[in-house]
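Chain lettering (A, B, C and D) follows the sequence in which the chains are written, and residue indices restart at 1 in each chain.
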Amino acid sequence: MAARPEQVLFQDRGETLDEEGFGMLGRMMVALGEIEGCREFAALIPEVRTNLVYARERAKGRGDVLAIDGRITVVGGLPRAAGKVKFGASSHMARLVIELRKKDPSVRAGIDFAWTPHLSAWLEQYCGEKGWVFSVIDRHGEPEEIREAEGASMPWKVAEAVRAAGGKVPKIFYETGAIGKEPVSVLVGRDPVEVAAQACEIARKYHGPG
Amino acid sequence: MAARPEQVLFQDRGETLDEEGFGMLGRMMVALGEIEGCREFAALIPEVRTNLVYARERAKGRGDVLAIDGRITVVGGLPRAAGKVKFGASSHMARLVIELRKKDPSVRAGIDFAWTPHLSAWLEQYCGEKGWVFSVIDRHGEPEEIREAEGASMPWKVAEAVRAAGGKVPKIFYETGAIGKEPVSVLVGRDPVEVAAQACEIARKYHGPG
Amino acid sequence: MAARPEQVLFQDRGETLDEEGFGMLGRMMVALGEIEGCREFAALIPEVRTNLVYARERAKGRGDVLAIDGRITVVGGLPRAAGKVKFGASSHMARLVIELRKKDPSVRAGIDFAWTPHLSAWLEQYCGEKGWVFSVIDRHGEPEEIREAEGASMPWKVAEAVRAAGGKVPKIFYETGAIGKEPVSVLVGRDPVEVAAQACEIARKYHGPG
Amino acid sequence: MAARPEQVLFQDRGETLDEEGFGMLGRMMVALGEIEGCREFAALIPEVRTNLVYARERAKGRGDVLAIDGRITVVGGLPRAAGKVKFGASSHMARLVIELRKKDPSVRAGIDFAWTPHLSAWLEQYCGEKGWVFSVIDRHGEPEEIREAEGASMPWKVAEAVRAAGGKVPKIFYETGAIGKEPVSVLVGRDPVEVAAQACEIARKYHGPG
């Protein structure tokens, strides 16, 4: 059989990719190229590494979210994707974006990066200049029963980020560290190309002169 | 500035990628994944390696054609792209597809692979079964003045492939070897996903039992 | 000039590599191949990823320690080195091995991997069977003035691991988690090939039947 | 079992690597790093790509020769190894070095690269300045019965290169093109680090000013 363009084998035999998927994959490749070319962003990659995710218009679960298998790490001083762009390659960031979309469906992409008190203060001011909503998820406030129930954390986290921003879905927010958990910053947006460009601009301005 | 999705930096700063480009890039990634997963195709990769190309709807030059930087080689027994998918990464195959499109604009993608007398006979029969046009570019017939003029060969080659097929644009054809030139087979089609699926099917049937 | 085998350019122009360095590099490549081929080890790679380090006989600083640039992450379900094997590519693990060698100079290599209470209990029993010393670095006991002084932590950590093992240098030990810090296990030995084989055996036995 | 450093699993389970192998692997990695960092060498990589090989002291067959799986191709304008350094990864270049060693056992490494009439004339003069023996394998002289017998070509080729150099083993030589065969240049030497440094010096001088 000749493959119909709209119904092709993808990754695992038997899976198919549709028109939306092709366009999403292309955008992710361009976004990733932007990140991999941004030396300043390497300094913002946390110990747990960075992921970049992009959810389908009607995403229900992590299988509907493109992400980078093995995440993005630093090699030779530059950001580098460890593996391929695949649907289902992220758990945490994928679920975060899916949960956020319940509050604001225009959010379809996100990237996580390092957090320090100094960066955080800088980001809060930067968001002010941009007119972006900035927020925080303070894990200290997380009820014990939620923290221990598998999968129950994400709705609480997103609700907390929105609550702390006075009811708005934030553009940038961070999760505080906890025992065994590194604190990270998160930036979200409409698509990965936009999100990558914004993350790189932040990296360049934060590390730049003045 | 926040990147507008339809006007983003691509590869070299300053270049932009449009909607057609995103979709094309996604299709190339899926097509490449199909090739890289096909162990039987590794046996069809020639010494000069394989390229897979995909031309824009209105392609004028090689800069309008996606291809694989460094081509596809064999690593650990499997086909493997050496570098990234980029516009402008192919010369020969890009010009071949652009020239073919002057005869049949539905052709936008192509892949080259090995040639042996045995494979050639098999392909000719396979094309017969599929109802596909099979042809040959016999370099012995190439006029000396064309062979030696830089860039003049391609129009002659394509004209020859069409002439040898009785005026039809072939689906599969080969170029005979010459002094210093390895003979190669070429398969063309509407998009790289179709072309990759067809090339892999050929590889599996040719190497398979019976 | 023809390069003299014992005085060659390495990585950065001007650096040289000697006989000890060639042999070390070869052992690291073999050790890394062992890790990359061990699917079970992928499940032991922590969020902060794994590094594998190998110190020169007379190592003084991290520049004398081979490690993997970008560390080892999980791609397609298998461990995968993000970048190349280079001198100076590790900070934490390199300093840990250098500090340990002050107590036991036979230690030249080390690898870090995940920690969970269940794995920890299993490792303690496994060490008992092997006749290996098992220990722990409990960060809760770390004096505040040490934690906050840049670079002062490592001597305290190694002293603590030895103290907690009754004065012996441990074969396997772990660092407890802390605010923003993931807990990790560490295995050390004479060379990376030995260390990789031992780490993979642990991964296979821990994840295996029974 | 704890792996004994001199008897470790390598690549395929069950294979072992010895002291000579570790040192050889380290030298190949350094040599490859030299090639991958030499932008000018990219212009000397032929259509059939470049391989770099290194034979054991007592090499009998291609399994005793290190080479680069998938060869070295050009990616982003720089030489790039497609796959890993492995014993047995080369056929043609491995057999060439093994055959040459029968005439001169000090030859253990080799690299192949492009050939043009202009480069060839330049190399002949360069060899003169260096006091190196330059030679040629003219395939036109190859007896038909040898060309067609599988594996019979290499002894004839090496004998021809030595004969054409007046009985000496050449440092640099080339094979003329033939129907379906690209002409290539070859440089041989004692080890891959030497050979890589010499090949890169040639590339830089040939492409350099004046």
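A few points about this structure:
Note that in this section contacts are C-beta pairs under 8 Å (C-beta built on N, C-alpha and C of every residue); 3 or more make two chains touch, one makes a residue touch a chain.
Quick caveat, the model's predicted, so the values are computed rather than measured.
The minimum number of touch steps linking chain B to chain C comes to 2. With steps allowed only between chains in touch, the distance from chain A over to chain D comes to 2.
Chain B and chain D have Cα centroids lying 30 Å from one another.
For the pair chain C and chain D, the distance between C-alpha centroids works out to 36 Å. Contacts with at least two other chains are made by residues 84 of chain D.
Pairwise, the chains that touch each other are A-B, A-C, B-D, C-D. Taken together, the chain B residues at the contact with chain D in this complex read 47-49, 69-71, 73-76, 80, 82-84, 177-183. Against chain B, the residues of chain A that register as touching in their complex are 1-5, 8-11, 17, 19, 21-27, 29-30, 33-34, 84-85, 190-191, 193-194, 196-198, 201.
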